[in-house]
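Consider the two complexes below, in which chain A is the common component and chain B and chain C are the respective partners.
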Partner chain A sequence: MIDAFTNLLRLVGSFFPPDLSAAYLRALLVPIAQTIGMAAAGMLIAFVLGVPLAVAIATRAPGHRLIVAVLSALRAIPDLTLAILAVVVVGLGPAAGIVALALFYSAMVGRVYGDLFAAADAAPLEALRATGASRIAIAVYGLIPLTLPDLLTFGTYAFECAMRASIIVGAVGGGGIGTELAGTLSTLDFHRTLTLLIVLVALVAAVDAFGMLARRDPRLVLLLLPLGLISLWLYRPQIFAFAHAVHTFATMFPPHLRASQIASLPLLIAQTLAIAVGGTVIGALLAFPASLVAARRIVPFAVAVAVRRVFDVARAIPELVFGLILIVTVGIGPLAGALALGLHSAGVLGKLYAESLENVPAAPIDALAATGARRLPIVAFGFLPLALGPLVVHTLFRLEWNVRAATVVGLIGAGGIGQALYQAQQLFFYQQMLAYVLVTWGLVALSDWFGERLRLRLGWNFVAA
Partner chain B sequence: MIEISGVRVVYGPGAPPALDDVTLRIAAGECVALVGPSGSGKTTLLRSLNGTVAIAGGSIHVDGVEVAKLRGRALRRLRARLAMIAQQHDLVDRLTVVQNVMAGALGRWSTPHALRFLIAPTAAELAEASAALTAVGIPEKLRNRTNELSGGQRQRVAIARALVQHPTAILADEPIASLDPALGEQIVRLLCDLARERNLALLCSLHQIEVARRHFDRVVELVGGRVA
Partner chain C sequence: MFSSRPISRRCVLASGAALVALSALPRRARAATALRVGMIPDAGATQISIDQKKPLRDYLAAKLGRDVDLVIPTNYNATVEALGNGSLDFAYLGGLTYVKAHAQYGVVPLVQRTSDREFHSLFITQTAAPINALKDIRGKKFAFGDINSTSGHLMPFYAMTQAGIDPDKDLSYRYTGNHPATAKAVESGAVDAGAIDESVYRAMLDGGQLDKSKMRIFFTTPPFLDYVWVARKDSAPADRTAFAGAFLSLHAPGDAAVLEILRGTSFVRANDGEYDLLRTIATKLKLL
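Up next is the complex of A and B:
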């Protein structure tokens, strides 16, 4: 026990101090620019493709059902899996990252904006339709202005996710900070790993801050346009041989697995699910007690703010990055995968739990305080039962997300279906690779469907996106 | 026994006083109604009695103890003796009726005791909850979930919770504002009967002056933060 603890301390110590030499920081400028550029270019394409699709869905254009089905299917392929496919088709580098992000977020923007448009106030839209306006006119004069605040809120949220995803796709050869990070870990250069983690947390914090500004002044979103266009030009595929790409893609068909591989599928799926469930449980167990001291109505303001900063750091570091570090430190396998998911989930759940606890109605809490109750009994008799619904829903949502993330951490040796997929790609067994992509897709789609049913059944389906 | 003398409350610099030179004595077993238009200071007066609102002048004594001087544990002890009843929205829906009623005992229970009760209540604790629910006329609701109750039943549960506090006084802030008139009058009668029976001081704010005159020993009117 004490040995394990000193080992842990030694391990954490080996990351300090971070390498902050001027030469290294200067060398990081290019990967940082690549990461931001990939996110901006990917999101630019996502908006250009996703908004018209959303309008088509909301105005029930011919084929809108097919669009919804395709977007839902696309959304069920984890971003990193898309990145691997993209690397196969357009080669290593930021271009692959941009393609993967553009595909994933087009589907996300299309679906979510479609839902937001569909929920827009019907009366003004009826009036527009009565004038004989075209679909584009209805979108420009009706749908978009009517739902602008929600579009912006979700848009900046998606951009934050894209920035984190942009780091992830780097780790499989998409370039940027992710590639750099994977490099420092494989050479055991932990001082530089810490530098990169600091950069990463700062980047996510900067995007958070930008999101807050953009909600106040929507015109800031227009900055995305030049940034995205420049990145698109800089990171366009250097050798884009269309025939080669088509040929590579064609070699994936038909998807095929050997009999022994089919026999091991249940084990791989079970491993992936175990990583997802384990990660969610670890995350919830860490987040729950911490969220009690992060809720401003339960503890003094300064304490709550300090704990929230810890959540922010855990949220900023993607599962895959935690995974890369844990694999170097605790070794390869599903445990590292579950811990990686757990640490990131703790940050996400901690913040959501704390907000749910803060949002409970005031009257019952005041009544309990008026009986002269101590703080912990007020939590047990008031805050917890009142916030139970949201706490459960947030945890279920995280479990759904973690099924996706479990396939992603598989890629770096945590096991499960993701590891099989990555190995097939590395060995150029493209038919196997496609088979594993399809299994992943089915698994994620099934877990999404199941989660939605469960939430509807509980009557707690009120959390957006 | 509650003694309020010359109390003044100001919510912010430059704001007009919410309470100005209010003096009032309520003896044990006495039922006093507090009437007056919205914003006249009724809620502020009730909340200053248990130290939720700080007073800027004057003094409040409960059973001879000055409220403004109490902090921490002593303040919690005071609150345990002053039962508060608000409009019907102050119960915790997801808890059972028993758990809501016994929340009244939180002021005298230790934290481990409170947590143990949620998991494994003792027979004595259940008997106390049952007795309190019998006193307010709904013994059959012991096992119900709180969100299954009607408005009048919720208010009775809140009163049962107040009784479990073993209070020396009950402070009720418009307890019947969201009930229909006949039901409201039943609840007021119940409160007054219980206060007299158990020798508790009752201070209850109301909008219905007629109801106040019919059931209370004394009616005090507040206007603009002053006793009219």
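Up next is the complex of A and C:
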């Protein structure tokens, strides 16, 4: 036990101090620009494609059911897999990352904005429709202004996700900080790994701060337009291998698995689910006690803010990056995968738990306090039972997300269906790869469906952003 | 916030027009002149490591009379796909990756290091571990490198089957993804033993990245053919000749800096026919 602890300390110590030399920081300018550029250009395309799709869904244009189905299917493919496939079409480099992000986030923007539009106040929209306005006019003068605050909130959240995702797609050759991070880990250059983690946290924090400003003054969002356009131009594909892509994608059909591979599918799926469940449990166990000291109504303001900064850091580092680090340092396999999911989930859940604890109604807490109860009983008999519903919903949402994330950390050696997918791809067994993509897709879609049903059943159907 | 809408619409229109104008510009001015050369990631793919390879880039650019872009993709699959779709002109591939890329996209072998003709894969364990021969790894935890690696997977796997061990049945194994991770997994005791590229292993010991006192080699595979520099199928013959010539004329001590980057002493021509043994083994192990 003591041995394990000193080992852990030595391991963490081997990342310090970060390499902050001028030469390295200068060398990082290109990867940083690539990372920001991939996110900005990817999101620009995602909004250009996603918003019209969302309008089509919300106004029930012909074929909107098909659009919803296609978007759900796209969202179920891990972004890492999309990035690898994008290399086939546009070659190596940031363009592959942009294509992957654009596809993934078009689907996300289309789906979520579609839902937001559908929930918009119906009366003004009916009035518009009565004037004979076209779908575009309804969108421009009705849907978008009516839901603008929500659009902005989700838009900046999506941009933050895209910034993290651009690290992920970088790790397969898209370029940017992700490629750099994978490189430092494979050469065991941990001081530079830490430098990159600091850069990553700072980037996500900057996006977060920008989001807060943009909610106050939505015009700021327009600044992203030139950024996206410039990035798109700078990182445009060097090639566009259309014929090659058609040929390569054709070799993926029909999807096929050997009998022995089909026989091992249940084990692979069980492994992926174990990583997801394990990661969620680890995340919840870490987040729960921490969230109690991050809720401003329970502890002093300064303490809560300090703990939340820790959550922010854990949230800023994607599962895949935790995974890359753990696989090199702690070891390979499902345990490393579950730990990776757990560390990131702890950051996400900690923040959500703390907010839920802060949002409980004041009256019962005041009543408890009036009895002279101390802080601990107030938490145990006041805050906790009152916040239980939201806590459970947040955890279930995380579990759903973690099924998808478990396939992604599988790609880097955690095991399960993701690893099988990655190996089939690395060996150019593309028919097998497609079969595993379909299984992954089915698994993620099923868990989304199941999660939705469960929340409806429990009567806790609200969106946890 | 509604007052901002006219501005936003004008902005959108202007940007749209700008986008159309930009896309009409000649697009491949630079890409057409620079040769893109890919190196596999097992020696580290970082901005710094590309900067450190500047002598190699400068040497090639001078010899070829063209700009050269060095690219280090992070995985084998991406490297081969890039040769297939033309986003790389030349690349450095491991033996198994070469065999696949040749079958898939007809890449042309050019040159290799003298040492690549007699390459070895090492089986390593911890100094104190009770493992002294291949037969001792039965029932143990074992680490291979990347599944697509010749020295980290194909040849050591084959060596085991030759010794009467069925890795799928007789031991539990994992893929670490790269050679340094394999070494670290053995050093930390996360696995009992592992298989690794000899040049990476020695470089790690020399560089102090591995604790010499903790590590021991317990088996060395027979020699096999490994890494090779290739050209994509439809590259210009003149470029190929110049590229091969640049490597064949490398000699110490004048080119010491470049040779050090390539971790070699001299280069010879490579032939596809010599990879038949690798091909047979890969097919037998269902990796091809």
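FYI, the second predicted complex is superposed on the first by the 462 of 465 C-alpha atoms of A that agree within 3 Å, B and C clash if a C-alpha of one lies under 4 Å from a C-alpha of the other, contacts with A are read in each partner's own complex, and residues count from 1 in each chain.
Throughout what follows, contacts are C-beta pairs under 8 Å (C-beta built on N, C-alpha and C of every residue); 3 or more make two chains touch, one makes a residue touch a chain.
Everything numeric in this text was worked out from a predicted model, so none of it was measured.
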Kindly say whether there is room for both chain B and chain C on chain A in the superposition, answering fit or clash. fit
Is A:361 touching the first partner chain B, the second partner chain C, both, or neither of them? first
Which touches a greater number of chain A residues, chain B or chain C? C
Partner chain in contact with A:372 - chain B first, chain C second, else both or neither: first
Touching A:10 in the superposition: chain B (first), chain C (second), both, neither? neither
From the CA centre of chain A, what is the angle out to the CA centres of chain B and chain C, nearest 10°? 150
May I ask you to decide whether A:388 touches chain B, chain C, both, or neither, giving the answer as first, second, both or neither? first
Counting only touches as set out at the top, which of chain B and chain C does A:84 meet: first, second, both, neither? second
Which of the two partners, first being chain B and second being chain C, lies in contact with A:457: first, second, both, or neither? neither
Looking at the superposed set of three chains, what is the minimum CA distance between chain B and chain C in Å? 35
For chain C, which residues are in contact with chain A within the complex? 1-2, 4-5, 7-8, 11-12, 15, 18-19, 22, 27-28, 31, 38, 41-49, 51, 71-78, 80-82, 84-88, 100, 104, 143, 146-148, 174-178, 180-181, 184-185, 188, 190-191, 209, 287
Within their complex, chain B touches chain A through residues 50, 52, 75-84, 86-87, 89-95, 99, 103-109, 111, 114-115, 118, 158, 161, 165
Chain A residues within the chain B interface of the complex: 361, 363-364, 366-374, 376-378, 380-382, 385-386, 388
Complex contacts: residues of chain A adjacent to chain C: 24, 27-28, 30-31, 84, 87-93, 145, 148, 171-173, 179-180, 182-184, 186-189, 192, 218-219, 222, 225-226, 229, 232-233, 236, 238-239, 241, 244-245, 248, 327-333, 412-413, 419, 423, 425-428
